[in-house]
């Protein structure tokens, strides 16, 4: 199924809640949706198109905004689908996908602590990889890796 | 009573903590606690060149280094719009299948040790060394290979490799009979493992469990077959499934996968013998070769306006379905690298296959999951 | 049979030395030092010291034997660089543990923590005073020596549980409880299997039991009892496949998790002492003790200390069987172990008892022969 | 599609067979190991000994002997100081930043000779440096024993690595082919001031400064004040180290590809 | 034949018998009368520190002797029990060193799971800040004498991950390290070589 077919199939169900479907590297496409309609989109994708298996949730910090993406797999179509949405850079939050895909639980915990995207109504949103009480979010672009002094001495330059 | 199993515990095979609530010997609740090996690989990758990330990939999952190298290389080649030579693809797939054998042998060794069997542990480690010797013969290291490059692989096979590999495969396929006699032939083993840690296929899909755990529940899902990548369409193999959804089923699936891997490797060795050729792509951007572009003068590099791109790759790692997502913003560093670890999802479902069993069942069940903490925590 | 028992040898030694010392001393001291009570007391001490040394050395060699055998089962070599073929390895371990700092966890119970391992070691050691090693090494004054040995043998769960409970660790406690349950469950079939031997031989005295095996060893006709006895012994010794109390995979080190240094060495020594006792009991009850069949050429059985030699050979071979089992079988689960113990082992041992009774009634069984005590 | 895998070893109803199969298997291995276990007695035997290297002994059932594969192993580096041209490529290509260029005696005082010094506490033995070395003077050997009692002993000076070179250990023989169509040094002529810095510092002396004609002054324009020379790079000698780009005061040199 | 018997030298009488006389008076001190029990208490109070001193002097002397110290050093270096845990990649090579091909048990190296029974901690992998205090706890639970081996580059100095936000750059920031083994990961032979290097250290140990 190509991305145009996907858009056609989803248009009657979701209407303007999807912002567009574009081709994406070797997958069925990249579905951009409105952040406030997340759960509807997830349900439609799962139940109408058979994307039962959620394989990955992640976030990207484009400095102006943040993007959260979900990768799902459909046995019926035999393809991956990437769903993504843009969130504002300050206090980004989106509805948790756990009611639709229970496997999103740990992925969302990880995304929350690394990229600082809050998932509303998540059953168990606490630190997973970092120690409890860690206040930084390392995968933000503003978080710089500290460099030991020997690295500072030897800057990489040609 | 809550007890902590870990981070230093013989059951864990790595650094993680399984908090278990028990009543007598029965498990009432459990809560895996991860992150003791979180090394920030995704963050470090953002400061490295594309080829330098490969050194981190070997260490991400230290029992399946080649699989993770392949995963990352596939995604970054998509992102950089580079096509490798066909011979390089065959060599990569051969590496991955050998790595599957090595990883499953490591799993076998650790798993039987959890059951109190010390002898097969040593057999498994001994036979794994044969595979590692093969790796060393062409990549130069036992576990951290740094062998694959964006656009190909580092070097071709040394002369005489094919015959040596065939002898090793013959020897290995004889050993599987011995393993089966030691484990399946023992009534105590069957009593310990049959009907243990059951996770039905529907629960597997809901909780994101993939790999041998899913196939042991009878579901025939394998990325190599469903969404073929690399040269897998040209290869003839079968997907191993079992129908117990329990520890014995996972054992059977992994043993059968090793046999299928041997079958695949034999086909690849035949192909490699008759198709010599280059193993590295021709037109690579300068910063993928050995020396790199100057930091602080990126504008010269960007002057050439290298195309942006994204890559999403998915492979069947020995533990299950792994994914990599690489964002290329036109610089020599990846903008964002995100990995999906199969063990991450498999452990997150621990509540579903541990509750109700006994404390003594935790080691075989978690052993059958094949935990590799390096790729969970990254 | 020679009348030189171990005790009489030590009595003779003490008497000899004291008489010679007394002969150079002035009169009142002379009489005091050659006093019979003193000689007896010292002889008992010397007897104990010889036993202690012999059993300790045997235990340590037994550990070496297990390590080497296990190594070959696993396609490797085992300890080989310390001493000739690693013979001194376990002495090095012992010295090192002797020197290690020993401390107890803050919340642990003082008395139980220190007295548990000590009592465990002492009771395991005491059994050696009872076991006859060869003809004449035990004076035969203990008509119930088998019963006494097994009674002392079964003290262990108490001390294990005390030390496990007092070390205030959840893993230790679980290990101690498993240990107690398992040992108590397997005491019963063990004793019933012994009853079969007692019925056939007609005596609780180990020396008599060995003499009763002069026509045939009991392992043949009483094979069922032997199987039950070996299984029970494996459980009592806590070796794989029945080593649940110290199951490394789930309970870190079982009931000795919190023990280090010399107290841990006590546990290790006592474990292998019990393994040695178990092997010796199998040899005494089923394999004819120090006697050899008549078809063995007399040159092989008549050299000095031949009895002890053959006895030790048999003991180490029986222990080799235990090592073989350890090398090839996985560990069972607690509930399976207890179910097998109560549901399978006890009926099997009852069957063995009935078989033994039938054997007594039949007096002679082809192809083994006849019972000597029945006068045929 | 294949059928689901089922157990090849069925559990038996006969209780004697419950434990017999594994015990017989273990005993068979025991009998094999009595002759020669697969252990390599390490400090006295080594896997890279000719005894294990010259023959592959897999067929005899013993998994010892790894064949003639040891020359590929990536261990400690050997450095031939004599042929080192101080091009810094090893230091640039190191992903772990464990290589530092230190001065060794033997260069002329204006341009001191610099050779790599490697900290083995940071090195990840990836081989990028020996792949990058254009002269083949920095190679990896098969030595792997590197235990020290002080952290500072892990830093290997060039002289120490030269000592390893003189031991004639088996070297890492794989030479990675350079990409066929490599980038070159390009010049942006209007920016150049002809200062000779690139030609002076080029480790391979592949840059020559050629005269260019001085343009006539036009009306209303001043002739720029500069030396009327321009660098020309001999591509066949260039090792692509980028030293010229680094020293260029006007940033007029850059990487590019004319083809 | 009749040689004159050798003449014994004549016994020389002391020149002056007075010289043997004690000079001065014998010390005569009048002790105050104290009850018996109190004397015993005083003696006991004197005895305990004196005995302690004598014992420690004896131990110190024996420590330098040619028997006790070498014996214990021999025992200590020939039965090193490492802690059985795996941190990261090096743990796999750590396990390989106990496999059939290398068989570290030849040297008496047997991994134990309980820190109380160990005397060697092999830090085989990356130490993160999350696990750092647990590593220190484990180290403190090991009874003296104890040693630490930093195996691999991550334990030595953070390795490839030393720039990361969550990694301890070197385990010697947390516990004292005796032997460093470089390698990423070190081969099993290199690990055995490191342990043999530690045994050399123990051989010359004097305390």
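For reference, chains read A, B, C, D and E in written order, and residue numbers begin at 1 within each chain.
In this section, a contact is a pair of C-beta atoms (placed from the backbone, for glycine too) under 8 Å apart; a residue touches a chain by one contact, two chains touch by 3 or more.
Since we're looking at a predicted model, the values are computed, not measured.
Novice: Which pairing of chains gives the most C-beta pairs in contact?
Specialist: Chains B-D share more contact pairs than any other pair.
Novice: Which chain's C-alpha centroid is most distant from that of chain E?
Specialist: Taking each chain's C-alpha mean as its centre, the farthest from chain E is A.
Novice: Let me spell it out: compute each chain's centre from its C-alpha atoms, then which one is farthest from chain B's centre?
Specialist: Ranked by distance of C-alpha centres from chain B, the top chain is C.
Novice: State which chain is most central when centres are taken as means of Cα atoms.
Specialist: Measuring from the global C-alpha mean, the nearest chain centre belongs to B.
Novice: What whole-Å value do you get for the distance between chain B and chain C if each is reduced to the mean of its CA atoms?
Specialist: Computed value for the inter-centroid distance: 49 Å.
Novice: Measure off the straight-line distance from the CA centroid of chain A to the CA centroid of chain B, and report it in whole Å.
Specialist: Roughly 24 Å, centre to centre.
Novice: What is the distance, in whole Å, between the centres of chain B and chain E, each centre taken as the mean of its C-alpha atoms?
Specialist: Result: the chain centres lie 44 Å from each other.
Novice: Centroid from C-alpha atoms only, then distance chain B to chain D, rounded to Å. What do you get?
Specialist: For chain B versus chain D, the centre distance works out to 26 Å.
Novice: Which positions in chain E touch two or more other chains at once?
Specialist: Expected reply: 99-101, 103, 106, 113, 130, 158, 160, 162-166, 184, 187.
Novice: Going through chain D residue by residue, note those that touch at least 2 other chains and give them in order.
Specialist: 19, 22, 25-26, 29, 37-39, 41, 63, 92, 95-96, 124-125, 241-242, 245-246
Novice: Note the residues in chain C that touch 2 or more other chains, in rising order.
Specialist: Residues 71, 73-77, 80, 248, 252, 327-329 of chain C touch two or more partner chains.
Novice: Applying the document's contact rule, which stretches of chain B touch chain A when the two form their complex?
Specialist: 34-35, 38, 40, 42-44, 47, 78-79, 205-210, 221, 226-227, 291-297, 309-314, 321, 323, 325, 327, 335-336, 338, 340, 344-345, 348-349, 377-378
Novice: Using the touch definition from the top, list the residues of chain E that touch chain A in their complex.
Specialist: Per the touch definition, chain E meets chain A at residues 129-130, 158, 162-166, 169.
Novice: Applying the document's contact rule, which stretches of chain C touch chain B when the two form their complex?
Specialist: Those residues of chain C that touch chain B are 70, 73-76, 170-171, 174, 240-241, 243-244, 247-250, 252, 326-336.
Novice: In the complex formed with chain B, which residues of chain D make contact?
Specialist: It comes out as residues 1-2, 4-9, 11-12, 17-19, 21-22, 24-26, 29, 38, 56, 58-59, 63, 66-69, 72-74, 89, 92-93, 95-96, 124-128, 131-132, 140, 172, 174, 176-183, 240-242, 245-246, 251, 254-257.
Novice: Give the list of chain B residues in touch with chain D in this complex.
Specialist: Result: residues 48-49, 51-52, 55, 119, 123, 126-127, 129-130, 133, 136-141, 144, 146, 154-155, 158, 160, 164, 167-168, 171, 178, 180-190, 218, 220, 238-243, 248, 252-253, 255-256, 280-286, 289-294, 297, 300-301, 303-304 of chain B touch chain D.
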